[in-house]
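Some notes on the structure that comes next.
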Amino acid sequence: MSVKKKVFFVLLAFVPVSIAAHFLGWGELTVFVTAGLAILPLAAWMGTATEEIAVVVGPSLGGLLNATFGNATELIIALFALRAGLVDVVKASITGSIIGNLLLVMGLAMLLGGFRHKEQSFQPDVARLNAASMNLAVIAILVPTAMEFTSKSVSRIALQNLSLAVAAVLILVYGLTLLFSMKTHSYLYDVGVVEGSEQLANNDHKPNVWKWMGVLLLCTLLVSFESEFLVGSLEAATSELGLTALFTGVVIVPIIGNAAEHATAVTVAMKNKMDLSLSVAVGSSMQIALFVAPVLVIAGRLLGQPMDLDFNPFELVAVAVSVLIANSISSDGKSNWLEGTLLLASYVILGLAFYFHPVIEGIG
Amino acid sequence: MSVKKKVFFVLLAFVPVSIAAHFLGWGELTVFVTAGLAILPLAAWMGTATEEIAVVVGPSLGGLLNATFGNATELIIALFALRAGLVDVVKASITGSIIGNLLLVMGLAMLLGGFRHKEQSFQPDVARLNAASMNLAVIAILVPTAMEFTSKSVSRIALQNLSLAVAAVLILVYGLTLLFSMKTHSYLYDVGVVEGSEQLANNDHKPNVWKWMGVLLLCTLLVSFESEFLVGSLEAATSELGLTALFTGVVIVPIIGNAAEHATAVTVAMKNKMDLSLSVAVGSSMQIALFVAPVLVIAGRLLGQPMDLDFNPFELVAVAVSVLIANSISSDGKSNWLEGTLLLASYVILGLAFYFHPVIEGIG
Amino acid sequence: MSVKKKVFFVLLAFVPVSIAAHFLGWGELTVFVTAGLAILPLAAWMGTATEEIAVVVGPSLGGLLNATFGNATELIIALFALRAGLVDVVKASITGSIIGNLLLVMGLAMLLGGFRHKEQSFQPDVARLNAASMNLAVIAILVPTAMEFTSKSVSRIALQNLSLAVAAVLILVYGLTLLFSMKTHSYLYDVGVVEGSEQLANNDHKPNVWKWMGVLLLCTLLVSFESEFLVGSLEAATSELGLTALFTGVVIVPIIGNAAEHATAVTVAMKNKMDLSLSVAVGSSMQIALFVAPVLVIAGRLLGQPMDLDFNPFELVAVAVSVLIANSISSDGKSNWLEGTLLLASYVILGLAFYFHPVIEGIG
């Protein structure tokens, strides 16, 4: 059994442990930590199941499946947090996922990939399109936030209606992005990503689709239990650790939700498959910004927990600068270890800022 | 008679109708709508007249003519609005013209052009120079706005003096931009634009310069009447429609003022002449930002309606993000339908924001 | 004796004059002006001495020497200002050095170089890496400034601790940047810069290292005296001139501190050595942002004059837009006179803004 598999099974043991911790009252901190660890192997398994099913159903439907379930873990955690009224934690985890994928994951991928390969390259046209999409995402959260920040008299209702309309625009754009990348201009994406994925997926095997759908269903169910434990214990656990809910939402929750993607992006970067690595890192950011966040706005309306796109201005600043520096580094289609360092340094600086940021009303 | 010509003559009929509406007291809304419709064919004719005269007087003087009269309609409307004391409407229409040209016109051009042609290309060096010029324009309105926003004690006089000095710098830069594009580095621009224009202008005919100067004079006169009707009825009409003056200024007035350019940019994009299409869209934005806006600052001083470059912070945000995304999309010299979609989505999001934006003191 | 040498010796005469002015009480304005003029030849000599020593000790150690002592004059002035409690003047001069190098120096180099050469080119990969490093620097000052601006309850202690941590990250990044440019990826930099430097340094002569170390020591000592005179007379002299301390800090002090680099960057640009010219201009900005500013944060803590990276928001805006437009102009690896004009126009607009900016508490 490989080391990777051993780690996987050890982490899986936290599923029953976390359930025990919750029902036997072992303390909120224990529940939080064990639920967080239990989510890691489940999320990884969901990823594998989605990819295996994608191999069977073909690239178009498979791509759609990946695009929809790719951030399922984060979506599930966020929905439970939203239902529990933790709107600010949800926003913080959206912020953190975008920042984490663009700076931490892409930074680590470029740094570790760059240690092995002097210069790495990827499709610059795709990088620039992703950059423009991320700029649109920044505009989408900048506009409601700036409106609230620059005007005293804007009503909460207006902000929610605006957010709902913007969410609809974003979901439409996300759909069109899929149409573009999978249908009309798929040749732009074929070069590196598909080739990389195929090699990874070991193309000649025929996955058992029913088995993997069972795995997907089971993991989704378990992730939703663990998410409830995680969210339920979040406030008590983080205050026990001396962390603010803002820091937890921006830094810790996204690391739990994105761990699987992190591992993939870094592994393939070290194999010099930068197109695939970036498509995981940037693709995950785009999915959060153009699909998960708008779905949560709509879900919030339905759950009676109105969530708008009016973020804490400091979170907006963090997202905007992350997009800025990630775009400036990726848009030439080349990377090296120093560029990875610059992304990681940005992540550390933002992380420090969220650590020192005073608790905000309503979030802690 | 072609469909285009029929539409033209139908719209021309609104000239007498709007005059009647004004003098016979048919209501402010009627005056506003008919004057707005009457301006469309007049603006189109002014554009044709300018181009025909340019053919006769040669490229250098003709380019200068185009560069000066290209946004004559908007300048005339703005001057009347300024004289009427509607300083905030003037600023809003400057904001709206820049946004509209960069996002709506360029977006439609790339989208509709991209439906016919998988990938379209244009001179990247010119696109990058335009991007840098638009960044300068953002700096020019950012600086007074940020000064007012970040400092409580800045005096109105200081802002006006600063704006006047900045306006002088911008007009100088605009002049140098013309010198660059028409004299010292005209070869950069020759590739696509001139070729496209020549084909459009059907180069072997000899236009009657006196006829076209008469047309230009007559249309300018009529546009100035219609502008007075439009501006005079603006506040009453828009409140009757339930729109704020901000939304009218940012969205409706610029569409009236720019309709002719819109049509040209989209038509030539569908013929795969992207250099010409972008030179119309981005060129018009540059002209507004580096020439029309500074001229209005100076005119405001002379008219005793002091206008400064201290914009509503939200308008500044809108201009800045429009320039950001337009630059990120155009600077590689290539476009496709998804990039058009991203620009249009940005326009829709900003338009929604201006729709939901609460009325601002002094503007409605 | 060449004109250059004559100017040098005339300026050198201000060393004794400024000392006399200080001790004989000729007035604060006289002290300020003569000390400012006296610093110019000393700074130039320090630059020459550093370069000559670098020739002897070899490229690696020499590069490190250059990278550490390159902005020694500014560092010395800033340390004296910091000890005198003029924290805001120090921040203003950091702002001004970054702006001045990116806009004034690079602008003049591109403009004057562009008059002689239609189009000039330089290594775009290096330009893009520098752009990304400058974006990181913007993030480093944006984060504490935005935290203070968007939150009422942030404590001064938290800001200082955050600034100290960010400073450590920046110094680490600066070290890694040197490692990248001098060791792992030196080939990227070799093309233009080294070739240019070698020609300038007239490679076949063997400099007397002891002589130049003596010059370096003497000049450093004299600069530190003159800096004390300059700082001591700054407040009285500038108020006598009717200037605010903000304007002095942002515009005048950096021109004194950077005059030698200005001259070099412009001279080599006119000889069409743009790689060397930009490495001086942008390199100097990077050094200020990633090395001098963080060193001052740490020095401030040790001197009991706690300096943080929480800048005046308007200074932040100025730095951010300077980096934005400098990056947008340099990242394609080509330049012409219009691009130089756009940079200079940005500098003039920002300079006007600082001239009209009301005096800020604590700074004047």
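Just so it is clear, A, B and C label the chains in written order, and each chain counts residues from 1 on its own.
We adopt the following convention: a residue touches a chain if its C-beta (ideal position, glycine included) is under 8 Å from a C-beta of that chain, and two chains touch if they have at least 3 such contacts.
Small disclaimer: the values here were computed from a predicted structure and weren't measured.
K.L.:
Overlay subunit A and subunit C by their C-alpha atoms and let me know the rotation angle in degrees, rounded to the nearest 5.
P.N.:
An angle of 120 degrees brings one copy onto the other.
K.L.:
With touch defined as above, tell me whether subunit B and subunit C contact each other through largely the same residue numbers, more than half shared, or through different ones.
P.N.:
Different residues, largely: of all residue numbers at this interface, under half are found in both copies.
K.L.:
Let me have the rounded angstrom distance from the C-alpha centre of subunit B over to the C-alpha centre of subunit C, please.
P.N.:
Averaging C-alpha atoms per chain gives centres 40 Å apart.
K.L.:
Touching two or more other chains, which residues of subunit C qualify?
P.N.:
Not one residue of subunit C touches more than one other chain, so the list is empty.
K.L.:
Considering only the defined contacts, which subunit C positions touch subunit A in the complex?
P.N.:
124-125, 128-129, 131-133, 135-136, 138-140, 142-144, 146-147, 150-151, 153-155, 158-159, 161-162, 165-166, 169-170, 172-173, 176-177, 180, 184-185, 327, 331
K.L.:
Can you tell me which positions in subunit B touch subunit A when the two form their complex?
P.N.:
It comes out as residues 118, 312-314, 317-318, 321, 324-325, 328-329, 332, 334, 336-339, 341-342, 345-346, 348-350, 352-353, 356-358, 360.
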